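You will see two complexes here that share chain A, one where it goes with chain B and one where it goes with chain C.
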Partner chain A sequence: MKKLYSNKLVILSLVLPGIFVFIFAILAPISLSFYYGFTSYSGMGKAEFISLDNYIELFSDKNFHISLRNSLFLALGFIFIQHPLAIIVAVILDKLQGKAEGILRCIYFIPNVISVAVIAYLWKFIYNPDFGLLNNVLKTFGYQGQINWFSSDNAIWSVLVVLIWHGFGWGMLIYYTGIKNIDPVLYEAAAIDGANTTVTFFRITLPLMKSVIQVNVTMAIISALKQMETVYLLTNGGPGNSTQFAANYLYQQAFKAFRYGYGNAIGVVFIIICLAVTILLNKMFQEKKIA
Partner chain B sequence: MKKKLIAMLMLVVMIGALLAGCGKEKGKETGSVSQGESTKKEEKTPPKDENITIKVFSNLPDRKNGQGLVEQMIIDEYMELNKNVTIEVEALDEEAYKTKFKAYAMNGMPDVVSIWGQPSFIDEVLDAGVLAELNETDYNDYKFISGSLEGFKKDGKLYGLPRNSDVMAFYYNQKIFEDNGWKVPATYEELLLLGKSIKEAGMVPVAMDGGDGWPLAILLTDLLLKVNGDCSSIVTPAVAQGNFTSGEMKKTTELLVEAAKSGLFQTGYDSQDYGTAMNLFTNGQAAMFYMGSWETSMARNQDIPEEIRNNIRAFTMPVVEGGKGKATDIAAWNGGGYAVSAHSEVKGEAIKFLNFMYQPDKLSKYGWENGVGMSAQDQTEFLSGNETELQMQFMEFLKNATSVSGTPINDCGPSIFKTVIESEIQSVSNGTKSVDEFLTNIGLACK
Partner chain C sequence: MKKADKKKTIAGKSILSFILILVAVVQIFPLIWLINFSLASSVEMFTKGLLIIPKKIQWGNYIKAYVDGHFLLYLKNSVLINVLAVVLVIFISIMAAFACKRMYWKLRGFVKIVLLLGMMIPIHATLLPNYKIYSSLDITDTLWAVLIPYVAFSLPQGMFLMTSFLDAVPEELEEAAVIDGCGIYRILFQIVTPLLKPAIATVSIMTFLNNWNEFIMASTYLSTPKWKTMPFSLLEFTGQYSSNYAVQFAVMALTAAPAILVYILLNKHITKGVAMGAIKG
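Right after this comes the complex of A and B.
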């Protein structure tokens, strides 16, 4: 069997499917995106080569800048709101033990298993100023006004809440698994030394979770950058462009405005940003490891 | 040797599996959507008895109500009359439809497709040469309303046929109006005052689908008609020059902003979709609903409470004081329709089916009988006396019209203009952007 695996033909036969998938499902589309990014292709008919015009336009496109700013805002929301909360809840769940632990773990994960379309419509109804749950709850507390949760000023926060709520269970589950993998002997030793919960959290849990945090934060930033479905169904970037996100803007330009070439240029910039962020995060976490 | 044999065998199995994944099942290909390779084939006229499958790609996903029902009725009838023909329908909502239409246009279209005879949609489609040319003389007896085919032509050649005559209006609940002593406004100022009274009574004055942008753009068109007396003399040069800063456009936009500011629409109108706005009206929470004649079927919709559906009436945009437009100048146009794919393998049969649909006693008649708005063909001979009051009102609007707006402003330019104006109009109406910024930005989109 060992000799079989050292045969080059066998190795080739095992590796080839992966290479095929990589070439045709990843490399070829990205290469095509690069190509179309240099054209004024509308998605139909012939593609005309226009050199760097699309990229030059991107630099002065205010709506693209807004969409990038919003994506960054979402990423920060994930890092500074969603993930700290997810870690805290994961730690509490770990401490709970017993039946409650399992039940609560399932409850927190429920939003992740609901379809994005259902979530978007659910929140649309919750936020509706006329018959929405939120305004009705406020009314029962005596508030007489009518809050427009999707006004130009509020909309980005309302979207942020939905996205944090939706992705919370996934982040929490990864942290929870990370905590479960920490050797309990360390906590016992800390307890013998008289360390309280806060100290063990900051001196044991957090440092040993660094690799999990790195993976989770990287995934959160990437998912913030490529956020599309929920926003598309919830606000479609509106009102105006107040909740416009990079991936949604790409979609609008490529498929609504018949600017396939421009949409591909956005896609290329998008890939570069994602790669840069990933490299930067890896470097940041590496440096901290050395320190 | 044995080892090499196993290795070779594994390689063959792997390559076989990959090829199988990429291959097509011949039997399933018959009548399927024509893909890239099939688009190169010559049009075939199948022998009479041969089984033919026509693929219809429609923007009417509801096949049990409204226009989707009418379309399905005709399809069923055609298949009944032509036993060798099978018609397969793929139907999607408008936005999803337009996205998939583009994907189809790249790789081969279904045989019969829904299209829109407006520059924002049809210009790119015709430039790509994906639609079949139709013989205009074939339709001499089809009673198309004068001028209704123009949007579907390029260089004098016809590429599609219009389905509807669309009229924009304010639907209102007559009973609520009477109970509260409210009257149909005669001027725009009265409309705004009426809005305030309705709001004070705790109701939403006008349910507006502002989340989509296009109803607001049609409202702008409606107002421009009342301000200037016609739209094309302002919009056509503005689109060509990328300059919308004329006094008329500015005044019109200010009127729209004033309406939003005065609370004529529901709170959060700029983020609420079609369904939400319509529900506000059909549930009795809103006194009015600004929408097109395609919603006249509300008067027959059994899902709407009887007390409401029996009291739905409509009025067109009232005159603007000091404006050139008359009360009978209305926002109306011919929008959606059908076309045949230029590369259809069954083009002959597809055109035959298209012509069948447009026989005056089909789309037009069934549409009228089911109260789903007005067709682009003369429907007067189908009056049966069973029409709803709402239907008759819309027919009167058209009959008495002294002029019509033509294509709404958002559909007058390239598709990027449509995308920009439908987003910017939300910003200007909610006060996030100034009128001048709005006019500049939509002008830039044309350039």
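Right after this comes the complex of A and C.
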């Protein structure tokens, strides 16, 4: 058995496709980014080596700071608005029996399977000042003014609303599964001891969901960091740079402003930030698990 | 006393149901609005009220969307690219997971970590350099330009799930197969793979959900219609019909339809797959 299972040629044939894909689609581009990050390449012509200039510029680039701040804003929005809502809905849904449960779960998840392109364009229309759904809803409640949802003060909130709406079903589903995995005997015991719904929620449901919440929060923070597609189509970072995000910014710099070298420098820093945040979150939650 | 309690629970229950229904309305109403507007004419949109009752249902919007949005071609491309991506991800991840988990070699831990590393890398950071690489290899506008990155960015998750499901496959089965004189490939594909069915289902669903709606890589690496996918029906359309809003609504509804239909049909399996993928991952 051991001899058969250590045949180098067989092993190579099994891992080679994976390694090839990794090198070709991940390692090579990152190395190339690293190289171009040190140049003033515009996308055409020759690449001139400028050592750390791009990184020094990036360090004091206001738009890049705004991008990171916006990611933080989204992450906080997910954690303090979307996720509490998702947990509450999941808890109520868990108590519901019969067909309604399945139908509601299905409805909550539907926005998730729709293309980001459709979502972004649909919400552009929903926010439209002339015939948009949102202003029409306000009108039916008696509000007469026209709100510009994409003004520089409102735009980031408008982006947050779209993302909360789009991702709600996913978070809800995972919390729902987490709740379903809790042993019902615990609830029975609590009921016998005379605990009411609120006490049961805070003393049993929430503590037992800790690891699910940690997974979900980690994913929320990372997706806030990696946000691009929705913003790219909805506001493209505007007005000004008020809804700018790192991924969108590097794309704009490379393909719109023809600063391919600078775009790659942003890319390198972006990768480092993503790696650091992921590792940090995992470390944080792992230590807590032991404690 | 008892009556008051009963009243309280009924009131409580109706508040809870109200919350559930309110959230459901918020989630679904924009889509109802979308379908409603897609069947009206553009002129009718500027009326009062939330929904319109169109004077005449404008099926023509959908015909325009279907024809001018290249619906059939892009749907065909999307299906082909996604099926290929799913098959490749499954094969590559099963092979790599098996080699790293079960077989004996020095670098297995290292290779596993390297392959899983892709999970942390943001795809957006690879857009610029990959564009350069594909241009110099002259493979932009080909199937490979989207297939390779799609596989690459779904592979880590696939690999992760396969490795954790492999734990549940008893090694005794493989030992017995070795005694019977099976080779590694037969053991892997005829004995182990069938036992990984739930993992395969989960990985397929996750890969499909990841890639079906993807457009930023596709729009960076593709410029001719030949391999463009579903989202492009919409992206290209808005320029062409920029003032005909009703047709834009129709093309949005049409672009979203295949995924929604498949989801409603396979709702139970997809729910299970997502839950399993998320909890294991």
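Quick notes
Basically, the second predicted complex is superposed on the first by the 279 of 291 C-alpha atoms of A that agree within 3 Å, B and C clash if a C-alpha of one lies under 4 Å from a C-alpha of the other, contacts with A are read in each partner's own complex, and residues count from 1 in each chain.
By definition in this document, contacts are C-beta pairs under 8 Å (C-beta built on N, C-alpha and C of every residue); 3 or more make two chains touch, one makes a residue touch a chain.
Remember, predicted model here, so these are calculated numbers, not experimental data.
In the superposed pair of complexes, A:229 makes contact with chain C only, with no contact to chain B.
When both complexes are overlaid on chain A, the residue A:7 reaches chain B and chain C alike.
By the touch criterion stated above, A:108 is placed in contact with chain C alone, chain B being left untouched. When the shared chain is aligned, no partner comes close enough to touch A:206: not chain B, not chain C.
Within the superposed three-chain model, A:130 lies in touch with chain B and with chain C [touch as defined at top].
Using the contact criterion defined above for the overlaid structures, shared-chain residue A:17 touches chain B and also reaches chain C. In the superposed pair of complexes, A:173 makes contact with chain C only, with no contact to chain B. Of the two partner chains, chain B is the only one touched by A:45; chain C is not. Chain A is touched at more residues by one of its partners, and among chain B and chain C that partner is C.
Overlap of the chain B and chain C contact sets on chain A: residues 4, 7, 10, 17, 130-131. Across the interface of their complex, chain B is touched by residues 3-4, 7, 9-10, 12-13, 16-17, 20, 42-45, 63, 124, 128-131, 146, 148-152, 155, 235-242, 252-253, 255-259 of chain A.
Only residues 3-4, 6-8, 10-11, 14, 18, 95, 98-99, 102, 105-106, 124-125, 127-130, 204, 210-211, 213, 266-268, 270-273, 276, 280, 285, 414-416, 418-420, 423-424, 426-427, 430, 432-433 of chain B touch chain A when the two sit together in their complex. Within the complex formed with chain A, the residues of chain C that make contact are 12, 16, 19-20, 23-24, 26-31, 33-34, 37, 45-46, 48-50, 91-93, 95-96, 98-100, 102-105, 111, 114-115, 117-118, 120-130, 132-133, 148-149, 151-153, 155, 159, 174-175, 178, 183-185, 188, 209, 212-213, 215-216, 230-231, 234-235, 238, 245, 248-249, 252, 255-256, 259-260, 262-264, 267, 271, 274-275, 278-279, 281.
Chain contact summary for the complex, chain A toward chain C: residues 1-2, 4-8, 10-11, 14-15, 17-19, 21-22, 24-26, 28-30, 32-33, 36, 85, 88-89, 92-93, 95-96, 102, 104-118, 121-123, 125-126, 130-131, 133, 136-137, 139-140, 165, 168-170, 173-174, 176-178, 181, 197, 212, 215-216, 219, 225-226, 228-229, 232, 246-247, 250-251, 254, 260, 263-264, 267-268, 270-271, 274-275, 278-279.
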